[in-house]
Amino acid sequence: MKKLINDPADVVSQALLGMAAAHPELRVDHENKIVYRGDAPVSGKVGLISGGGSGHEPLHAGFVGPGMLDAACAGEIFTSPVPDQMVEATKRVDGGAGVLHIVKNYTGDVMNFEMAAEMAAAETGVEVASVVTNDDVAVQDSLYTAGRRGVGVTVLLEKIAGAAAEQGRSLTEVADVARRVNEGGRSMGMALTSCTVPAAGQPTFELPETEIEIGIGIHGEPGRRRVPHVPARQVAEYLLEPILADTDFSGGDGVIAFVNGMGGTPLLELYLMFHEVAGILEKAGVRVARSLVGPYITSLDMAGCSVTLLKADEDLLRLWDAPVRTPALRWGV
Amino acid sequence: MKKLINDPADVVSQALLGMAAAHPELRVDHENKIVYRGDAPVSGKVGLISGGGSGHEPLHAGFVGPGMLDAACAGEIFTSPVPDQMVEATKRVDGGAGVLHIVKNYTGDVMNFEMAAEMAAAETGVEVASVVTNDDVAVQDSLYTAGRRGVGVTVLLEKIAGAAAEQGRSLTEVADVARRVNEGGRSMGMALTSCTVPAAGQPTFELPETEIEIGIGIHGEPGRRRVPHVPARQVAEYLLEPILADTDFSGGDGVIAFVNGMGGTPLLELYLMFHEVAGILEKAGVRVARSLVGPYITSLDMAGCSVTLLKADEDLLRLWDAPVRTPALRWGV
Amino acid sequence: MTGAGADTVDLDALGGWIREFARLVGEHRDELTRLDSAIGDADHGINMDRGMTAAIAALDAAAPASAAALFKKVGMTLVSKTGGASGPLYGTLFLRVGATAGEVDELDGPGFAKALRAGLDGVVARGKPEAGDKTMFDALAPAVDALDAGLDEGASLGAALRAASAAADAGRDATIPMQARKGRASYLGERSVGHQDPGATSVALLVAAAATALGGPGQR
Amino acid sequence: MTGAGADTVDLDALGGWIREFARLVGEHRDELTRLDSAIGDADHGINMDRGMTAAIAALDAAAPASAAALFKKVGMTLVSKTGGASGPLYGTLFLRVGATAGEVDELDGPGFAKALRAGLDGVVARGKPEAGDKTMFDALAPAVDALDAGLDEGASLGAALRAASAAADAGRDATIPMQARKGRASYLGERSVGHQDPGATSVALLVAAAATALGGPGQR
């Protein structure tokens, strides 16, 4: 394993030191591994916190700033953060209008955020609402599993709910917007290579030169099936087919289409994939209202990509277009 | 070789189709492989064009937009674009105030841009100035080589010269700013892995699991030496030592410090590297006035990074902070 | 290593259980992570080791004065330091064990068994596992049942714990053919079959540690 | 394949030179790229093949009416389609060859040699290579010298071209021990020693193609 790190045990804390140095507009609580927007708490605004295992950068800390998150809690690599972090963040971003916890649907994340909400209720008077993202159509039979995973839609949700909070909407309203985004969003991912967790020191799975893995999550969890390595056009079909089979995205105000890189994929390939995705959507009668292309929810050094579609309506598009100023997403400001 | 592509021969053209679909605010001339800002030519403004081999995304097309480039010419992977493209771009971005060609110092790029300038002079009345970036301190003995390579400083230069042009400065003034940036900037890069050129189908060089390559360029050119794989702290020293030995960056208005990813390196590691770089700079009495961390001038799927320091002064910092709105760099707007 | 009477365990012995568990987790760290890389995200050994190392450090910093304090400290530390699924699950387990054990400085067999069952109930409350879901529950539930059964049949705590440990091992092995329905492994569907559950494996270490530390001297 | 007289080459033969060069480049595409991956950026074969394929397509589209038109078309196409260092270098080479050859439909030996030297001068004007820099110059210059020398000594064009081809091959081989001072390979410093220059290798193909296509029938 070759990585630009010192000690596998210190990767997250040292990266946070780098984030603090590179982004003076943010505040970092190194002890609790929390990144805050510099002006938190914003009085009268619903506070948004998210968090999860590290290794998905820029998610979540790269999305802290006006128009998106108020705070992000960083866990160890691929390991949910702990309730103490979320409780601390909840206290510090509460501007009197309550706090929304944005949680990706993984057993560990859900349980830790649940405990945090219980503890916050007991220790503080802050009103907390939670929304769990679960957009990954690779997980079928969700009755017999931990349910669909939260993946790409998390990025879109943090942006859109962040804009709703910035507008001064109430906690209930912001949580509603967030749930609407989650319900209208579906994703599917694939890997050309495994990632390597620093502490493990070797690839999480082995994938021969001739095969790719379809339906992977963002933690190096193996996918649902291996298929021969095929051209990008076919990969786009593998990813979109189950998404379009799951939900009708045609008509209406179109979709926000998001082609995401897994960390080790060049932008050149992501744009090429976006071209293929756009072509399939056009044939399927799905209008692309907005788009996002880049590595936004990654899996360390994994080569691969995911596609997320989010059903748009006028409100969501207005919130999507609203100003955002974070290290990784920035427009309109 | 596993990549998200269809045919190695079509990578660049299909990625440009994706760019066009993802960025309706840009215009793409697919025949000539040129990306323009949507409102080019901007009357009375100096036009900025750059270009080079593809495979370095987001450089250059990702930097087209208000406050940065007016057009970018995309060559084949790692192959300079041809004069016809540059001539065409020059004509189309000329707003009457002349056009600046931003060229990275590689034999092919320099010769093709030279021919383009000759052809533009012959075919059109457009006033053309050129600036060549050559910031890579890995190239020593530049008397006995093709000279230092143009690497990371190109990104900073395109941003700063773009701001100067946006302010309405004249071609001579914009070219002066650009040369000042190039003279004040130095870079050094390293690789954990080789990149793989799609048409070649296999890694350009072999690097064992235990070794890293110091002083690489951005085209999979092997570096100046191989050393055992060392922790990030030591890597930062390997990169900064020759930069600081080359030029005195202490005092004054500090530096713009840029830690760049080579395409296959997770953001987490880049932030960790930035922490190490900031630590060394502090010890060396170099003040970090501004910073940039991310994959901005890449080498396909190579894992590795480069560090660029640019001597700042008040004018350059003001230009750096000025609004920019491009796919890959965006702030202040 | 047991307390005053053969069937009573004092605070030292209970602390010894935690320390022996931490030692076993450290020893099996890579194995637990390897199991997790087959059907999860390759961190179970790392998580448990981080959590237990912190728990031992917390115990070293100040010796708890009661069983309640001891297990609360372990539980809180695991919640605060472990992360992932195992943090809340093992954390809740020990918090419930402590709450049920109470402000005492020793436990008899039935008292320990009652506390451990409370821990199991905590795991169920937190993670909603059912038998056959291929989780830590599938090793812990049989172990708690075996402990109760042994004591009911009049066995010594040591003998009952050794039976519990054997039951945990069997429960752990029984996870191999199961298809996971909870946790990350469930995403694999049928591909989870044929792999041993990491959490069930660490639970087997937990119960083995109890047999070693609380099962009486020289009786392993 | 030669023209009317044994020492005159007509447009067909000159076009045949280009086609034979394109064929050889296609055949040696991977070898050229492999050489470039050792000391460059792994694209010389790809570049040359793209450029020459386009040049042949341009010639196929409309047959040029003179040597000037033929080589101008080849040169312009190479400039427009090749990119990299080889585009301007080979492009300038052919543009100068064409400008010197002039509006004729055949060339005699000295006429061809003069045109080729003009091409060499174009390469020098464009890239500023010097002898020993480990570039295409190191194969092209000896070839042009050998061609002139052969014709001066009264050899037939065919014999002189075969001598030129041998000189180009020797020049190409002589690049192996050189340390590069121009182009990408120069960045490697001493590590460029021991590798054959890709551009010198393609030049050897260019001159070999001339010997084949312009050297008279059955004399290879």
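Letters A, B, C and D mark the chains as written, and numbering starts fresh at 1 in each.
Going forward, contacts are C-beta pairs under 8 Å (C-beta built on N, C-alpha and C of every residue); 3 or more make two chains touch, one makes a residue touch a chain.
From a predicted model like this one, the values you see are computed outputs, not experimental measurements.
Colleague: Please compute the C-alpha centroid of chain A, do the same for chain B, then give the distance between them in whole Å.
Modeller: From the centre of chain A to the centre of chain B is 29 Å.
Colleague: I'd like to verify one number: the distance from the centre of chain A to the centre of chain D, where each centre is the average of its C-alpha atoms, in whole angstrom.
Modeller: Once rounded, the distance between the two centres reads 55 Å.
Colleague: Taking each chain's centre as the mean position of its Cα atoms, how many Å separate chain A from chain C?
Modeller: One centre to the other, that is 33 Å.
Colleague: On a C-alpha centroid basis, what's the spacing between chain C and chain D, in Å?
Modeller: 77
Colleague: List, in ascending order, every residue of chain D touching at least 2 other chains.
Modeller: Answer for chain D, listing residues that touch two or more other chains: there are none.
Colleague: Counting only residues that touch at least 2 other chains, which ones in chain A make the list?
Modeller: Answer for chain A, listing residues that touch two or more other chains: there are none.
Colleague: Could you draw the chains as nodes, link the ones that touch, and say if you get a line, ring, star, complete or other?
Modeller: line
Colleague: Chain pairs in touch?
Modeller: Touch list across chains, by label: A-B, A-C, B-D.
Colleague: Which residues, counting only chain A, touch chain C once they are in their complex?
Modeller: 53, 75-84, 106-108, 111-112, 114-115, 138-141, 144-146, 149, 197, 199-200, 204-205, 217, 219-222, 224
Colleague: State the interface residues of chain B toward chain A in the complex, per the touch definition above.
Modeller: Touching chain A from chain B are residues 1-7, 11-12, 14-19, 21-22, 54-55, 57-58, 62, 192-193, 209, 212, 229, 231-233, 235, 263-276, 278, 288, 291-293, 295, 298, 300-301, 303-305, 325, 330-333.
Colleague: Using the touch definition up top, name the residues of chain D that touch chain B in the complex.
Modeller: 33, 37, 39-43, 46-47, 50, 79-89, 91, 126-127, 180-184, 186-189, 191
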